[in-house]
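Two complexes are shown next, each including chain A; its partner changes from chain B in the first to chain C in the second.
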Partner chain A sequence: MHTSDMNTHFDPFVIPFTLGVIYLFAVVVWRYVKWFAELPEADRRAFRHALFTVRSLKAVREVVEEALLHKSILRVNPLLWYMHLSFALGWFLLIVIGKFETSAYLKEAFNPPHVHVFFRYFYPEEPFRFHRGFNYAFLMDAVLLFILSGVALAWFKRLRASWLGMKKTTKHTRGDRMALAALWVVFPARLLAESATCGIHQTGDFLTHSTGMALAGMVGPDALRMMELPAWWIYSLALGMFFVAMPYSRYMHIFTEVPHIFLRHYGIRGGDKPGSADNFQIQACSRCGVCIDPCQLQSAAAMNDVQSVYFLRDRRYGLLTDPVADNCLMCGRCETRCPVHIDLNRLRLNSRTARAEKAVPLTDDRYAYLRGEDRSEGTGKVGYFAGCMTLLSAPVMTAMQRIFDAAGEEVWWADKAGGVCCGRPLKLSGETDAARRLMDYNKALFEKHGITTLVTSCPICLKVFREDYHLEGIEVIHHSQYFLRLLEAGRLKLKASGATLTYHDPCELGRGLGIYDEPRAVLARLGTLAEPKQTKKHALCCGGSVANFVLNSQQENRIATDAAAVYAATGAETLVTACPQCKSTFRRNSALPVSDLAEAVAAALEVPASAHRIPAAAGRTAAPAAS
Partner chain B sequence: MVDWGYTINKPRAIAYDANDHTWENALQEAVPVLRSCIGCGNCTATCTAGNFVPFNIRKLQTLVRRGEYAGLRKELDKCMLCGKCRLVCPRGINTRKMIVTLKRLLAQPVAAGIPVAPGAASTAGQR
Partner chain C sequence: MENTIAIIGGGVAGMQAALTLKELGMRPVILEREERLGGKLNTWDRLFPTWTPAREVLDPLLEAVRGAGIEVRLGAAVEGVSPDGRGVTLAGGERLAAEAVVVASGFDLFDARLKEEYGYGIYDNVITSADLETMFREKRVLTADGRVPRRVAILHCVGSRDEKVKQNHCSRVCCITGVKQAMEIRELYPECEVFNFYMDMRMFGPGYEEIYRQSQEEYKVVHIRGRISEVSPTLDGRLQMKTEDTLIGRPMKMEADMLVLLVGMCPARSNRSLAVSGNLSLGDSGFFAAADAFRGNTRCGENGRIFFAGTATAPKNVGESLNEGTAAAWQAYRSVKGGASW
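For the complex of A and B:
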C-alpha cells in the first residue's frame, strides 16, 4: 500500500510535524545564542576556559542523571519520579532507538527526522527480527508503553496531586495549556496510528500487534483502512502543535536544563542585579511543583500563588507583580529541594533590585549624615557587632558582655551605643546600591579599629559581612562559633544543667551559611539536645524574616505558631535559637520559653574566669553578678 | 536649663480637605493596620537612623495620612529599612511595608500640586 511512499518517505501528513520541528529549533537556537551573547564578557570568558575541562564531564554526568533520569525527584516521591522519568527518558529512547531502527533498516546513516518518527507507517511490513536478532519492534513497543504509563499518571496527577506526594499542583498559562493538551494527545495518538497500521498489515509487537488486531476485530478491516491516515494526521498535528507551543510553555525546560547545568558547573550564575544568566535559570524550571510543599506561606498562611514556581512563571512571561516578588521569606526551604538547583533566592532578590532601581533613585547625599560618625567603644582585636535586632534584646547584650568578661576577652564594641545597620535588610528590599553605602560605612569602621576577628550575634549581619563586605584580614564568625572556640580552648567553663533543649536553625545561619554544627556542639555542653522533626537543612522558618515585605503580623504569627508547635513536640523545656529576629518572633508565639544561645551559655557560666585568668581585665567593666 | 530633647511644635493649620489624598489612600490600602497606630512613638524612639540624624518615622507617616507629603522623599532616604521599628510597634504594624510602599508611591506619576521637594514639613528637631 505504501510502496510509492517508501522511496520518497513522504506523505503530506508529515508536514505539520516537520514545520513544528523547524520552528522549535529556530526559536531555541535563537534564544540561546542571544542569551549567551548577552552574558557579561567575564562570564563568556569563564565559559570558554571551562569548556575543555573536567567540569564539562561532570556537567554531562549531571545532564544524564537529572535531565534524563531525574534522580533528585526520586528523593521527593517515587511516583512523581516515575512520571517525569517516563516522559524524559521514554521520549529520549523513542527518538534514539527509532533512529537506530530506521538507519539499520534503510542502511543509511542520515535521514530526515520524520522518517523515523513515522517509520511504522512507511514500513508497516517490517519483520519482527530483522537486524542481527535485535528486536526493534519489541523495544519500541516497550518504550511506548512506558511513556503511556507516564501519561496515565499525569492524568491521575491532575485529579489527585496528593497521591504523588504533593499537596498542591501547579497552575498553567495559555502556552502551557496548548502544549499540555498536545502532549496528552501525542502518545495515545501514536498508539492509535501504529495500531491501525499494524492491524492492517498484521505486524507490530506485543503492544501494537495486540491493539492492532483488537482494533481490526472491533471495526473491521475496511474501517481500519479508512482510519489509518487520519490517525497519522492526528499524531503529526499533535506533535507539530506541541513543538510550536513548547517555547512558550514550561516544556522549554526540557532543553534549557542542559545549558543551565553546564553554566552552573562553570560557575556562571548571575548576580544581585538581573542579567542574561538568569534566563537560563528561569527557563530551566520544569514547574514540577516540588517547591510548593515546603513553603510555609502555603502551609501556614494559606497563600497559594507566591511560591517559587509561580514567581518563576510570572517572571518568565513578564507578568511579575510586586505582591509576588515581595512575598517570600527567602527562607531557602524551596531552594534546597529544587531538583533543578535554581538559585531561587537570588532570582527573587534581583527581581526586587530591578523594581527598586526604577522606583528609588539613589541620590548623592543618601546617608551623607553618617560621614564622620563613630560611636564604637573599647579596644581589642576582637570586634563585636550586635546588629539592630540584637540591640533590641537587652538580655543578649548582657549575656555577651558576661561571656566576653568570663573569657577575659578585650572587645571592641562596634554598635553598643547604636550603630549603622549592616545593610542586608535594605538589600533584601532591592536597594542594592543604597545598601552598599551602609556596608561601606561599616567596613571602614571595622578597618579603622584594626580588629582581626568580628563576632556577631545576628545571622543576617553575618551573611552580608561574609558575602558582600569583602573584609580582608578580618575573620567574621557567628557567636555560636566564637563560643565553641572559647570552650575548646578552655577559656569558658560551663555547668551543664541537664535540661532538655531543642534548637531552631535560623534560615540565614543554616541554609544561608551552612552553620549547623557549632550551635549544637555548644548546646551539647549545656544539656540534652532534642531534635525537632524538621531540622538542619529542612528546618522551619520562624516567619519573621526581614526578606518579606508583605505579611502582616497575624500572618507572621501563624507561621511562627505552626513552627513553634514542632519544637514543642520534642518535649524539650526550652527552645534555643541563635538569631535575635527568630527569638523575637518565637517569643510571641511559642509555648516553650525561648532564649538565644548567648543567654543559654551565659546562664551556665561557672565562674567569671576573667578575674584570675587575665588580671588586666579586672579594671574593665565588671561582669554583672551571676544569677 | 537641661535639654530633654523635646520641643513644642509650632501651631499650624492643616488644610485637610484641600490636600491631595491619592498617596494617603494608597498607603492605607496597602497597610490597612496603619489605622490602628496609636502614635506612641516607639518606632521613632528605637530608630537606627534617628540615632544619627533628626528623623521621625511616626511623624512622617502621620503627615502622609493627612495628605501632607512635603519633603517625603528626602526624609524616607534617611531610613535604613533595618526593621527595628516593626519589632517595637505595639500594634504590630508592618512599618517596613509602609516605608517601601511610600517609596514606590513616590515613583508613580503624581497628581498635580503635590510638593515632594524638601520643604515646609521638616521633622528636624521634633523627635
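For the complex of A and C:
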C-alpha cells in the first residue's frame, strides 16, 4: 500500500484526469441527447421500433468488428490497421482489464475511474501480494506494449505516411493537434510512471519490471523517488488534456462511431437536406484519410484540400466554404472505401442545398412554361428517355433507333424533339426543390403515356428516375439492361467482331446503381472484354461529372487523360462506356476510340435495321428481307 | 551534306522557305508526308479576300520549286528532329543529316465528329467547310440526294474557341472563310438562303471587313449571333437546328437543307513527336511555341538551328504563311553561315 490515502485512493495528481473525464462525458452526453432530440419524429419512431430487434444485435456486432477491430481498414492496409487496432482495442482492453484487476483486488464492484487508471501508483506491491490464478499485471503490461507499438507507428506515420501505404495523410486542426499531442504523451507517460513506481518497489511484470529496474539502475533510487510523482502528474495531465480536447478533435469519432453504426442499422441516414442525423455521420469520421488516395482530384489534378475528410472536417466546425462543397466529382470512389460507411456523397450534396436555395429563390413562376408542354412522339409500352447528353450525341440516338427497329419495338420517344431535364443536375447543385418541379413534370408525362418500361441511355437520368421519381407500374432500366433482355429473348442478333474491348463503368451506373454486369454481358457478345486495372466499384471517374462546379476544362481533361491511360493499358482496341457524359469526356482525352454501348451494339446488328422497320400497321409487309 | 537544310512540310510555307534558301545558295530538302506538294492549298477552291483560285497561288510555287531543282522527297513523314537542328529522322528510321531544320509542318483540320451534337458523319447533309471547298471545285453543291439546297446554314467556330473539345484558340481564318462561302453559295444559287451562325466576327485582314459588309448588303447573307446547340434530322430529310439569337435573346429553331461546319485549325498530330524529339516547346494550344512573339516568331530559341514557318506555330492565312517561309529561310541561312540573329 502506497503512502497516500488508502481508503479514498486520492492524490492531487488525479484531479486533471478526473476533471477531464467529467467534462468529456458531459459534452458527449449533451451532444447526443441534443442530436437525437432534433431528429425528425419519423426517425425517432424508427429508432424506437428497431431498438429491440435483431438489427441491434447486428449493430453490436459491427461495433465490435469496426469500432474495436477495424476490420475495414485491414482490407485497405494491414499496417494502418494494426496502428488503429492497437489504439482502439488496446485502450479498450486497458480499461476493461484494469477495471477487473482493480475490482478483483479491492473486492468491490464499483470504484471511481481514477482508481484503476492509476492503480499501480496506489498498489505498487500488487503483483507480489495479490495471490490469484490470473496474472493481471502481465496482461496489463502486454496491452500497454501493444498500444506503445501503435504509438510508435503513429509517430512514424507522421514522418513518412507512405511507409504506412498512404500517399497522403490528413492535415490537422488545432483541436486535433492538442488531442494528438496529448495522446502521444499518454502512453509513454504511463510507462514512465509505472516504471518509476515499479522500480522503486521492485515490482511490475515483464515490461514495467524491466523498465523500472533499468530506470533505477540508471538514475539511482533517490532520483527515482523524486521523479515518481511528477511522472504520474504528467500522465494524469496528458489524459485530462486529451479528454478536454477530444470533443473538438477528430477523436470524437471514438464514441460517435457507435451511435452512427446503430442509426445506420436502423435505416436512419438523413436526407437530401441537412438534418440532425448528419451530425452522427459527420462526427463519426476518424479522419483516417483513407478517402484521400482514391480521390482523382488529388491524384490527377493536384487538389489537396477538398477530399471528403476535409469536407467533413470543415462542415463539423462550421467552416465549410463553397469551393470545398462544390469541388467534388461525387464519383463515390471514397465512399466505397470509407471504413465507417459515411454517406459522403449525400452529405456533400445536402451541404449545397442551403446556399443554393438562398442564391436562386424558387418563385412560383419558375418553370411555369412547362405546364401543358408535351413534345413526345410515337406510342408504345416501352418509353425511351434519351436525356440531354444523349440528345447531343447523334450517333447514340441513331444507334438506339436502329436497335429499336431491329427488335421491332414500338417506342414512345419522350424527348426526341427536346424534353425536360431529369432534374439530377439541379439536384446536384443543391436546388432540390426546383429539381422536384422538373421531376413532377416528367413523372406526369411518363404516366400520361401509359408506358410500362422506361429505357434511358443516361445513368444520370436513370439514378434520379429510380431514386426520386417513385414511378408506380413503370420499370426504369438502363439501355444496357434493355439490350441484354432483347438478346436473351432472341430479339436481337449480334455478330461478334472478335475485337478486344475495354469497358468504363460510369460512376452513376456502377457505384451509383450497382449495374456492373449487364453492360459486360452485352459486350461479351460483341468481342473480348479486357478489364482495366481499376474496375467495377473501383473504376475511375471520367472527370466530366456534372456534380462538380469548380473544375475548369483543363483540370477535367487532366483527370480524363489519366483515366483514359488506364483503359489504353488494357491493350483493347476500343473503349466502350454506357454514359453519354463519360463518352463525351473521354472522346477528347482518350488515345483509344470511344463509343457508347448502344453504338457498339448497333454496329454489330446482324440483320440490316431496315428488315425490321415495318410497323405492322403500315401494311408494307412485302419481302422485307430483300432489302 | 554541306549546306543542307531539312524542310519539314511541303505546303506553301515550306516551298517558299525552300525557294528562298535555294536562292541563298543552300541545299534545301523538302520532306513531304503526302504524295504531292502543296499541302492544304490543294483542296481549297478560291481564296479570300480576292476570290483568287487556289491554283493560281499554288501552280507558280510548284513551278518555281521544280525549276529551281529543289530536292523534294514525297511520302516522307518526319518522326523526329535533332535538338541541335543537325538532322531529322524519317518514318522507318532513316536519318537525314542537315545543318538546320525548318519546321513547316502545318496544321490538321478539326475532326468535326468530335462535336457529336452536329451529327457530322451521321446526317448526310452536315458537311465541313473543307467538304464545301471540294464541292465548289467540282462545281456541284448539292444535297446528298442531289437536290439544290434552298437554305444553307453555316456554323462558325466548330473546333475553335471551344474548351469542350480542347481547342481554346481562335483559328482566325474561318470567319472570313464562312463569309466567302456564304457569298459563293449565293452566287451559285441566288434562290438559296444562307444563314451564318457566329459568336464573333473577326475580320482581321485587309479587305475582310468590307467583304463582310458586302455579304450583308449585296449578297443578303443573314448573320445570326448564336451558336447552334444541336442538330437533328427531320422526317423529310432536312436538318433542324436549335440555337439562340443572342442579340435579341430568344431561342430559335430553324430547318435547313445543308449545314456547313466551319472547322478550325488544330495543331498537327506530328507536333508532339517533333517537340519531344527536338526538345521544342508547345504552347497550351498544342502549336509550337516560338522564341518570342515579336522578333523571334520564326525561331525556336536564341541560338538554335530549328526554325518555324506557317501554321506550325499558330493559325495563319496563306499570305502570312508565305512570308514566314521567307523569314525562316533567312534565319536558317544566317544560323549556318554565321552572324548573330537580328
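In this text, the second predicted complex is superposed on the first by the 600 of 627 C-alpha atoms of A that agree within 3 Å, B and C clash if a C-alpha of one lies under 4 Å from a C-alpha of the other, contacts with A are read in each partner's own complex, and residues count from 1 in each chain.
The criterion applied here is as follows: a contact is a pair of C-beta atoms (placed from the backbone, for glycine too) under 8 Å apart; a residue touches a chain by one contact, two chains touch by 3 or more.
The model shown is predicted, which means the values in this text are computed figures rather than measured ones.
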Checklist entry - Is the arrangement of chain B and chain C around the shared chain A a clash or a fit after superposition? => result clash
Next on the checklist: Which partner chains sit in contact with A:546 here, chain B, chain C, both or neither? Use first/second/both/neither.
Outcome noted: first
Next on the checklist: Once chain A of both complexes is superposed, is A:420 in touch with chain B (first), chain C (second), both, or neither?
Outcome noted: first
Checklist entry - Between chain B (first) and chain C (second), which does A:398 come into contact with in this model arrangement: first, second, both, or neither? => result second
Next on the checklist: Looking at A:52 after the superposition, I want to know if it touches chain B, chain C, both of them or none. Which is it: first, second, both, neither?
Outcome noted: neither
Next on the checklist: On the A-aligned overlay, A:587 touches which partner chain: chain B = first, chain C = second, or both, or neither?
Outcome noted: second
Next on the checklist: For A:363 in the superposed arrangement: first (chain B), second (chain C), both or neither?
Outcome noted: first
Item to check | Partner, of chain C and chain B, that touches more residues belonging to chain A | outcome: B
Item to check | chain C-contacting residues of chain A that also contact chain B | outcome: 391-392, 418, 552-553, 584
Next on the checklist: Could you list, by residue number, the parts of chain A that touch chain C in their complex?
Outcome noted: 391-398, 416-418, 552-553, 557, 584, 587-589
Item to check | Complex contact set, residues of chain B against chain A | outcome: 33, 46, 48, 51-53, 77-78, 80-84, 87-88, 92-94, 96-97, 100, 103-104, 106-107
Checklist entry - Okay, in this complex, where on chain C does chain A touch? => result 114, 116-119, 121-123, 163-166, 229-232, 242
Checklist entry - In the complex of these two chains, what residues of chain A are touching chain B? => result 322, 326, 356, 358-360, 363, 365-367, 369-370, 373, 388-389, 391-392, 418-421, 423, 425-426, 429, 431, 438, 546, 549-554, 581, 584
